[in-house]
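Quick heads-up: structures coming right below.
In the two complexes below, subunit A is the common chain; its partner is subunit B in one and subunit C in the other.
Our next item is the complex of A and B:
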């Protein structure tokens, strides 16, 4: 019920009329709307009116204060109540609604998905088929094999080698294009044969999951766990996207409401969330050893929770609250999935393809000047401490240029038969935790500022080798040989 | 219970938090309102029994039960704005769909997931 003013009439309406009559400038929207926003203490509009109504602003502010005094609750609350009353009045006259008897199939399915008893098995099934089977086995296995072996190794590489040998007589310059780390034989090959199929299959899976409306359900399912690490269920979206491309996901952390959540999410994305390219290569690296895969997943998961928990204790700020609309489940439209995948893959390629070429060039320069040999020498020490062959240092150095570049490097070492299974697991864990790629590092700096961006990277550099060292020590102390 | 000074509704175990490091806490039976700090003795059992008709927190609802919202009980503007944004306002009827792992409520034609902290701010009236 509107509160009555002494003279009869409603104080909210009277104040609105008064404000409206005092507004002189043109705002592009009605005076009443401006008045309502002023009464709700909208900061932007208040500042705007203050600058445009130098004479009347004082009077307006007085009216707002006077109105506020009449109510116990904030005016925004009172106005919302009025709006709701009005909406209900209109709806009562216009809408006839018959409540459905029983639950629809869609609703039943939704209930199964959000109950913890049945929801978690469903989540595991989705992860198994959506990520492991589709992205890991099909994308990173079947498709990569086909493009790599049938297209590149059989047709493109020999042809390109031949062409460049005949065009460029100088060995050094030729190395830039077709050598071991050449722009075409390494840069283009990695981008097209390794990354393209993995990222595309991931984005297809993500678009399907997104369009069904499963993500909000996942968010509410996981909210309690995420609260322990200083995040809310809302953070599940950047985290799942991080399994696709952590650089893109770091940008998406903007959707999180507080700075504290954004920093925690950035740390976790940089540290413990492998991107699809890296995930694909690691899944295929560990394909032969299911125990190794479990240990890798366990250690990375543990680090994720532990570091999240620690940072939620260390970083100042209140623990956040979680609320989210749960839209009805829908069958995804094929065309939408296609368009989404297409535009994301296009965006991704436009971003990363130059990075691959740049990385190839930098590796070439680094090798030419001997700078890389120094870096690799330095990296050989920590690599030795975690019990890996010296050659793995190269993979770690490249890991900074692209995360999957590094994993791809491990792949080559594994193919050459230089790893025992123990070493393989240690290497995969360390590389997953190891520094984010250049693109993500730049994104961290851009989103979080220089200090935080660099601090996160330094922490990760030491922490990843520490975990690798710990894991290797545990293996050797317990005498485990996988 | 309801603070007799400011009208804030809180649970008895919430009251302890307001006492902080008070050295007299041991053996002190008074309950301190977390909102205004006013101290009152706890309600006797018979009074609680009589009050069954009054307001209660949404988290006390059983799954699949409905209730009419009578008040949003928070002094935190940010929380209030979040709750209002979902259209959770006095006069609306809510149905609790699930309590664990998160609270899920149906309001009008929409469903929302909210955490315990927000759910505790929503007060319902017993008689529908």
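Our next item is the complex of A and C:
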């Protein structure tokens, strides 16, 4: 590179030395590092130096500009090129044998997963067996049935009822524990009989998928679709995590490089990504009607793409380019899967359990003061607009607390035989899109600020019912009866 | 945590690297920061050293928040900090920025740069940047078993001499090399 040597010296090195001698404050790292970062125009460091070197900053900035003009390529490129050269020199000495890496089986498998022709069928197989069969059918079906019917209805509920009837003579107080919305008969039952098996099976499936290294490959696969809506494939990770818990996923949106991507991802997470427990309950609710399941998936998927597309048009900013580290495919380690599932379930449970109990208490107070009835009355209007029975208002009120709690409400209504299949599909779609839970709302506010956080929620409140209304209207206009 | 810790204890005796957490009240502990690009085993190494559990994943971007724990190495107790993934000292994403800010502001006594031994070529530039910044770096070539499996041979002595820092080969999932690493940290800490 002849351009580096002019007048017998390396301009980059000379500039570096000059900058170094001009730095007076202590930065905790070497002046050379600071100098290199300044030359590469790192915003944070530039601002830092500007504030700490009031006298010399102007001179330093001049040197940076001068050096930049000297090279055709960006300085960051030149600098990393040199570093790579140094690395290669060191490795020439230290690497005694570097095998020529051919296409191993792993690599072949990896390519099959990424190519859209073969990748999409693989994705469908994983979704079908990993999520639908294992979480929806086994977790939300078999396990929930067993715990709910055999353990709660046959053993715990009658026993608890009896105990509380004998120790608490006042009907009103008893309602708090064992009533229709009681702490034990509703709160504990939802947490233990409904959410626990679903979340556990989901986290097991998720941990296995995660540890194989499939997710980054999925990201590459979906990158193309995402680019159209202004996101990069990198955003797949928060989205997929969102299937576990959208609150956690909203935090992970921090890994997205631009503000625009972070906001779009936050909206999509709040609107169109159901969380694990909600997903499980919904899959089991719709398990009896495969057309219903397809309609639900289709509508939610369309909303996802539509809103993502719209927000990419409305929110200013460049479409980001995609880069990502692809880890090797690995066989998951049983111990790691186990301990990861354990710690996630534990965390999830610690999160929801107090919330469910608190919800029971608030509903109880609401019933005493009459507020509960008022809320239900108000919610009955939109619920009627989307063609659902009044009773469904309770599920939506639950949905304000948590998505999974709301889904639990739907589960009870379906078990009571109050839904037609049409209504069930409309209810599932609306509740999937419905408001994020309180925790996610708080996270949105924390990560994106008050204005954005509140705006997202208000938008979702109206939008979810609008879609439900639309779907219901389409059903009745076309005379569809599922 | 009890069940996990019990399990961990069980695994310790079978040679697994996770050891029960030691708690003690020390004021200003020496600090060890773990840095490296995503997916090389930072969190697993953190678990190994501290015995506490952070979720370990096979995809980039899992550690967004900084986790902290304590580790007893030799006679000394250290505070161990696990950072979000970092490819270069010139950050592109917010997680990288978090990692760098941590290095700048917390002035760790030891910086463990953990890399995937198979991909030295791509990862060594960050080591060079850390050394250049005059941070007290220990280089850990993790997942050395996978490198060996494909027939790679790395001369650690040469690397140490060229870089002038301690270099250790480990497999953090099985605990291989962790004791050596602890020894090197101890030795290194004595000099600071």
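Quick note on the criterion: the second predicted complex is superposed on the first by the 396 of 482 C-alpha atoms of A that agree within 3 Å, B and C clash if a C-alpha of one lies under 4 Å from a C-alpha of the other, contacts with A are read in each partner's own complex, and residues count from 1 in each chain.
As a convention for this text, a residue touches a chain if its C-beta (ideal position, glycine included) is under 8 Å from a C-beta of that chain, and two chains touch if they have at least 3 such contacts.
All values reported here derive from a predicted model rather than from experimental measurement.
With both structures placed on the common chain, the touch criterion links A:155 to neither subunit B nor subunit C. By the document's definition of touching, of the two partners only subunit B reaches A:115; subunit C does not. Touch criterion met: A:333 reaches subunit C, while subunit B stays clear of it. In the superposition on chain A, contact is made by A:81 with subunit B only, not with subunit C.
Look at A:165: by the touch rule set out above, it reaches neither subunit B nor subunit C. When the two structures are aligned on the shared chain, A:51 is found in touch with neither subunit B nor subunit C.
In the superposition on chain A, contact of A:237 is made with subunit C only, not with subunit B.
Touch criterion not met for A:476: it reaches neither subunit B nor subunit C.
Within the superposed three-chain model, A:369 lies out of touch with both subunit B and subunit C [touch as defined at top].
More residues of subunit A lie in contact with C than with the other chain of the pair subunit B and subunit C. Once the two complexes are overlaid on chain A, the subunit A residues touched by subunit B in the first and by subunit C in the second are 76, 80, 84, 88, 216, 324-325. Residues of subunit B that touch subunit A in their complex: 72, 77, 79-84, 86-87, 89-92, 97-98, 100-102, 104, 110-115, 117-118. On the side of subunit A, the complex with subunit B involves touching residues 74, 76-77, 80-81, 84-85, 88, 111, 114-116, 119, 216, 219-224, 227, 232-233, 321-326. Put simply, subunit C touches subunit A in their complex at residues 3-4, 7, 11, 16, 37-39, 53, 55-62, 64-65, 84-85, 87-95, 97, 101, 103-105, 107, 120-121, 124-125, 128-129, 132-135, 146, 150-156, 158-159, 162-163, 173.
Against subunit C, the residues of subunit A that register as touching in their complex are 27-30, 32-33, 36-37, 40, 42, 44, 76, 80, 83-84, 86-88, 90-91, 93-99, 101, 210-213, 215-216, 234, 237, 251-252, 254-257, 324-325, 327-328, 330, 332-333, 335-336, 339-340, 342-344.
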